[in-house]
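Each of the next two complexes has chain A plus one other chain: chain B in the first, chain C in the second.
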Partner chain A sequence: MDINHDKLLWMYKTMRSIRAFEDQLHTDFAAGKIPGFVHLYAGEEAVATGVCANLTDRDYITSTHRGHGHCIAKGVDIKEMMAEIHGKATGACKGKGGSMHIADVNKGMLGANGIVGGGPPLACGAGLTAKLKGTDQVTVCFFGDGASNQGTTMEGLNLAGVWKLPVIFVCENNGYAETTSPQYSVSGQDIAARARGFGMPSVAIDGLDVLAIHEAVREAVSRARRGDGPTFIEAQTYRYYGHFEGDTVKYRDKDEEEQYRSRDCLLRFRGVVLEHGLLTQAELDAIDADVKKTIAEAVAFADSSPLPDTKEILTDVYVSFPEKEMWPFQAAPA
Partner chain B sequence: MSERIISYREAINEALRLEMARDETVILMGEDVTGAPHSDEPDHLDAWGGVFGVTKGLVQEFGRERVRDTPITESGFMGAGVGAAATGLRPVVELMFIGFMGVCLDQVVNQAAKMRYMFGGKAKIPLTVRTTIGAGFRAAAQHSDSIYSIFVHFPGLKVVAPATPADAKGLFAAAIRDDDPVIFCENKILLDTKGPVPEGEYVIPLGKADIKREGKDVTIVAISNMVNVALKAAEQMARNGDGISAEVVDLRSLSPLDEETVLASIKKTGRLVVVDEDNPRCSVATDIATLAATQAIEYLNGPVRLVTAPHTPVPFSPALEDFYVPTPARVVNAVRETMI
Partner chain C sequence: MITVGIIANPASGKDIRRLVAHGSVFDNDEKVSIVRRVLLGLEAVGVERVWIMPDSFGIGLKALHTLKLEIDVSILDMRRTFSQEDSRLAAQQMVDNGARCLVTLGGDGTNRIVAKASRDVPLMPISTGTNNVFPNMIEASIAGLAVGLVACGYAGEAVHHAPQIDVIQPEASQDGRQPEVSDIALVDAAVYAERFIASRAIWDASKIRDVVLTRAEPGNIGLSSIGGHLLGGDYQPDQGVYLKVEPGNHGTRVVAPIGPGLIRAVNVTDHRLLSPGDEVIINHAEPCVLALDGEREIQIKPGSTLRLRLNANGPQVIDAHKAIELAAKAGFFIQPPEKDED
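This part shows the complex of A and B:
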């Protein structure tokens, strides 16, 4: 296998971190510790991991409402993520964005997004910057099967094709958009085929196989870096939890979930690396222990962090703007 | 008419059910308004009934032809609603959150709003857009807006924002029956609130404000959930023994606007406070202040005061979001300032 030892360790650690992060949130949400809309990525770890294994900090990604996995795989600080989701001042976005808007542009993470289909045009913009500045940066646009129907997605695909942008579109087809399956919502039934209509190479792959994803994206990234334009990848995957935390999941059957859990991306990866002697049981165990510690520290960090000062409400709207106009026609409350 | 206590959510559901039974051209479409549209399994039917469960039970009664789940294509299904309205249906389109108007704005403001005028009156667009407003849900910047003001700005659109279950039922029926496009703003914070609602057919004409509390010293004009904030402030002032009797005017309908009721109240009390959760620039709040300044200035015994959200998006952190939304304490302060 053409993949080095460090990268394999990184893949396992990344997938394990995402899983542990999401499982922790699932528990803490149920306990009433976490406010708002929280969409978990558990089950889909192989996609973000296999994709981001090909990227550097200088490359960009756009993400979705289900963005925690993309953040972790792109290197956003786990403590700051946890604090953000708890609405704390120490969060990645000072508590202003929350789960649905986590971002860290310094890590090339251009934001989770509360608008389904918000990402593809933004990804084209990042691709345009790289193209015009003559850098070799690429941008990966993550979006869902549901988002594949959005007009902005079609427009983004077309624009990337017309301008030969260094953008890789990764559709995470997890079988549902809220309660709605692509069997109903995707006319023609074949998401990957749509992209071919825009003149770009497009494949559908097993989204539970991190190594297959890594391979497919590696090719796409080199094509983009060479200036040969966009690629489309449909990764077929599954989310373990509800659409958001609190969803009672009455639109799919338990055995479907069980069936996917039996093909779990982490189990599968462990099986392959152990069987081929690529990683040892001790290495995997050490990562598991390490991740457990990291998540516990992140929770402790979030718990002990302060809430934002109410003065922060008026900051970060603009780069520059008259302060007195931030709460016009009245005295700003104390 | 007999009444019973039901929730704001149930009241909207009931109005929709009655209107669909009454007029077979009324259809409903939106994302997951039933749920699991791909499945024939009885267990999966109506899995959600809308993200907030407002449309639950309708598909059983009216079937999937008239209660349609849509792909995530707001421009597509909003525009389909406009086109269907222009050609003989009376569609109700559910747009999950008002912030998503950003995705389909052209269909609303260039198509729905302008068609009749551009066509010299030869078309009508009996479209109702149901959407949700309101902060306080910890839903952050893209899911918490109360940006009804921008739709008031557009000629050709009507805008409604009920505060009580009864008003929600009556105004929703009126919105569906109206031959113009109506943006119907449901406050997600109010969905579980309960109140007396008349049974059977119940229609409240658009363009009529409602005095939710009578008073003589100050007029507090409020919208949607801010009516409850204003009422709390009014009760506090009455109890506090500082002897201020506040009148609370619930606008209910933002376009058309019941200028008469607002002006009559200002003329009676001589003081005006407006409470509005929307961002303050070019807003319904500034409109009401303008109304007072242009048509009732001689009746005012003190400065007009506005209590609004700041000129910022809605923050996520509960600590910030609770500071964002107007509170009874801020309303009481504003009332005091009109007394200077």
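This part shows the complex of A and C:
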């Protein structure tokens, strides 16, 4: 597996950007600056980064309620993301979606999703489109261990398997569905083995190692592009913060958290590239400084942006409102 | 108390070789079933206590659910790292506290980790991995009976030393002391022309360079099969094999199953048999990794040197069929007739 210098820099910058973005939101949420809920991705950066390192803007991803990392790795503008989460008119979705609905179709980001298990059917739709059009586009469907129990996920796996769709299912198993361990919520707890029953290759990968994720997804993307069908990847990872901001995290112990933090994806990556002279300390430090500046600028941008005009509340929906003769506004039959 | 430890690796049988090769997915629920059968075998021959390594899947807990046993079975109370290191820590704790045998569920990689800490406590390796040369494809009830017989002292002659490869990194020595063994391999150690450890498995035949084997029986899978197909079994049981492999079309082209479904030709440009204590010096100008028992483990900097030494005194291993045979010949399994009620 050859990863060139620019790609290594991109990997580090992407993981560092996600971490800094989430740490900033953690602070700002506690200070009461963020409307609505946020679910932070800190700790899981290696998964989104390792996956998206193999994709282009023409490829698609579907995301989850914990979608900031996916957005950043897929190239969504960080300023617009921050403004969106602050509910401002300059946001990626004009401030009307918030944390759980950030989308940017031009970047192939089909949307974060507040519905647990909402992504797989969308990913199959995107995959079917690519297949019918004869393009080589790939769709990656991110979801969690909780969503692995949802009927929509099972249906998506079945459809993708039956139709041999170019879809890669990436289960981010962070050990807890909200506050519940798979030990209590996933019957036949072996998520990767469960997927094998849908007739597709299935692997479990160390989700704290961006290089391991990158290598596995590279193979899965190759399979999808050459028409060999879907792949299932269980990325075993860990989230540093609670399920949502405000979660007091009483369901796991400090020793477990420390063990996972000792295998932090950023620390491991730095160790590998520095020890083998692939990147320099100066390059990594420059990225750290650059990311810090970018996040500060994003916060300033969000702070200084206006709230959406109330007239905008009924625009950008599937059906313009008010639309006459449409249910439920049409007149009742005489 | 006659105690046996069980170490079941929940991660075995799921790595990238299911994607880049044709490896089977080994379901953890099957491992639960295997542990149950082992426990029943252990109980049947007189083992008094069993410790099971805790794991994220809960293989031990699930195995005990609804299983009625008279013996004392518990999940080992241990510090966990939530990584492969748990297998080594569990083995160490079990051995330190008097376990007489260790049962492992995993592949070559799992057994390598456990063997680092097993010392003279015999292993009963049950295959649930991908490249399986060290562990046996054996029915778990038989394995349980055999382990129990050894633990209870009925079949000590069924235990033998397996060889291992010692990895010695001169750079790792400090204060001018003799370099120590930093790692081991049970079946194969191979230099692989890859910069990163990443997803660990190896599958690209064109990247294989130096290979050291503890065994090369024909019929093996993985890198051991290259030696097996080259030599046709023509070596002594205590000997190892060194193979120099290079890309291109020179040398002897050997076709071998280097992974599940991966039947590839490799160019062996040199080879020699190794006796216990013999060393192979590794030094490459290109960035490489050292793969141990099929998994990339150690990054090798260009120009750095390390040594691979064949060691005849590796882990102790139970020959299950021999253990059963010994007990059977001693009449262990023959019970007196039941008395008539009247």
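Miscellaneous remarks
In the analysis below, the second predicted complex is superposed on the first by the 316 of 334 C-alpha atoms of A that agree within 3 Å, B and C clash if a C-alpha of one lies under 4 Å from a C-alpha of the other, contacts with A are read in each partner's own complex, and residues count from 1 in each chain.
Quick note on the criterion: contacts are C-beta pairs under 8 Å (C-beta built on N, C-alpha and C of every residue); 3 or more make two chains touch, one makes a residue touch a chain.
Just so it is clear, the model here is predicted, and its values are computed rather than measured.
For the composite obtained by superposing both complexes on chain A, the positions of chain B and chain C are free of clash and fit together.
When the two structures are aligned on the shared chain, A:310 is found in touch with chain B, with no touch to chain C. Looking at the shared chain after the overlay, A:117 reaches chain B, while chain C stays out of its contact range. Between chain B and chain C, B touches the greater number of residues of chain A.
By the touch criterion defined above, A:101 lies against chain B but remains apart from chain C after alignment on the C-alpha atoms of chain A. Of the two partner chains placed by the overlay, only chain B lies in contact with A:146; chain C stays clear of it. When both complexes are overlaid on chain A, the residue A:185 reaches chain B alone and has no touch with chain C. Of the two partner chains, chain B is the only one that A:177 touches; chain C does not reach it.
When the two structures are aligned on the shared chain, A:263 is found in touch with chain C, with no touch to chain B. Overlay on chain A (Cα): least separation between chain B and chain C is 10 Å. In the superposition on chain A, the residues of chain A touched by chain B in one structure and by chain C in the other are 183. Against chain B, the residues of chain A that register as touching in their complex are 35-37, 87-89, 91, 93, 95-101, 113-117, 146-147, 149-152, 177-181, 183-186, 250-253, 307-308, 310, 312-314, 317, 325-330, 332-333.
On the chain C side of its complex with chain A, the touching residues are 10-11, 14-16, 18-20, 25-29, 56-58, 79-83, 194-200, 287, 299, 301.
Note for the complex: chain B touches chain A at residues 31-32, 35-39, 41, 43-44, 47-48, 51, 69, 71-76, 99-100, 102-103, 137-143, 280-281, 285-286, 289, 305-308, 310-313, 315-320, 323-324, 330, 334. Touching chain C in their complex are the following residues of chain A: 1-3, 175, 183, 188-190, 192-193, 196, 201-206, 209, 211-212, 214-216, 219-220, 223, 231, 234, 255-256, 259-260, 263, 272, 275-276, 278.
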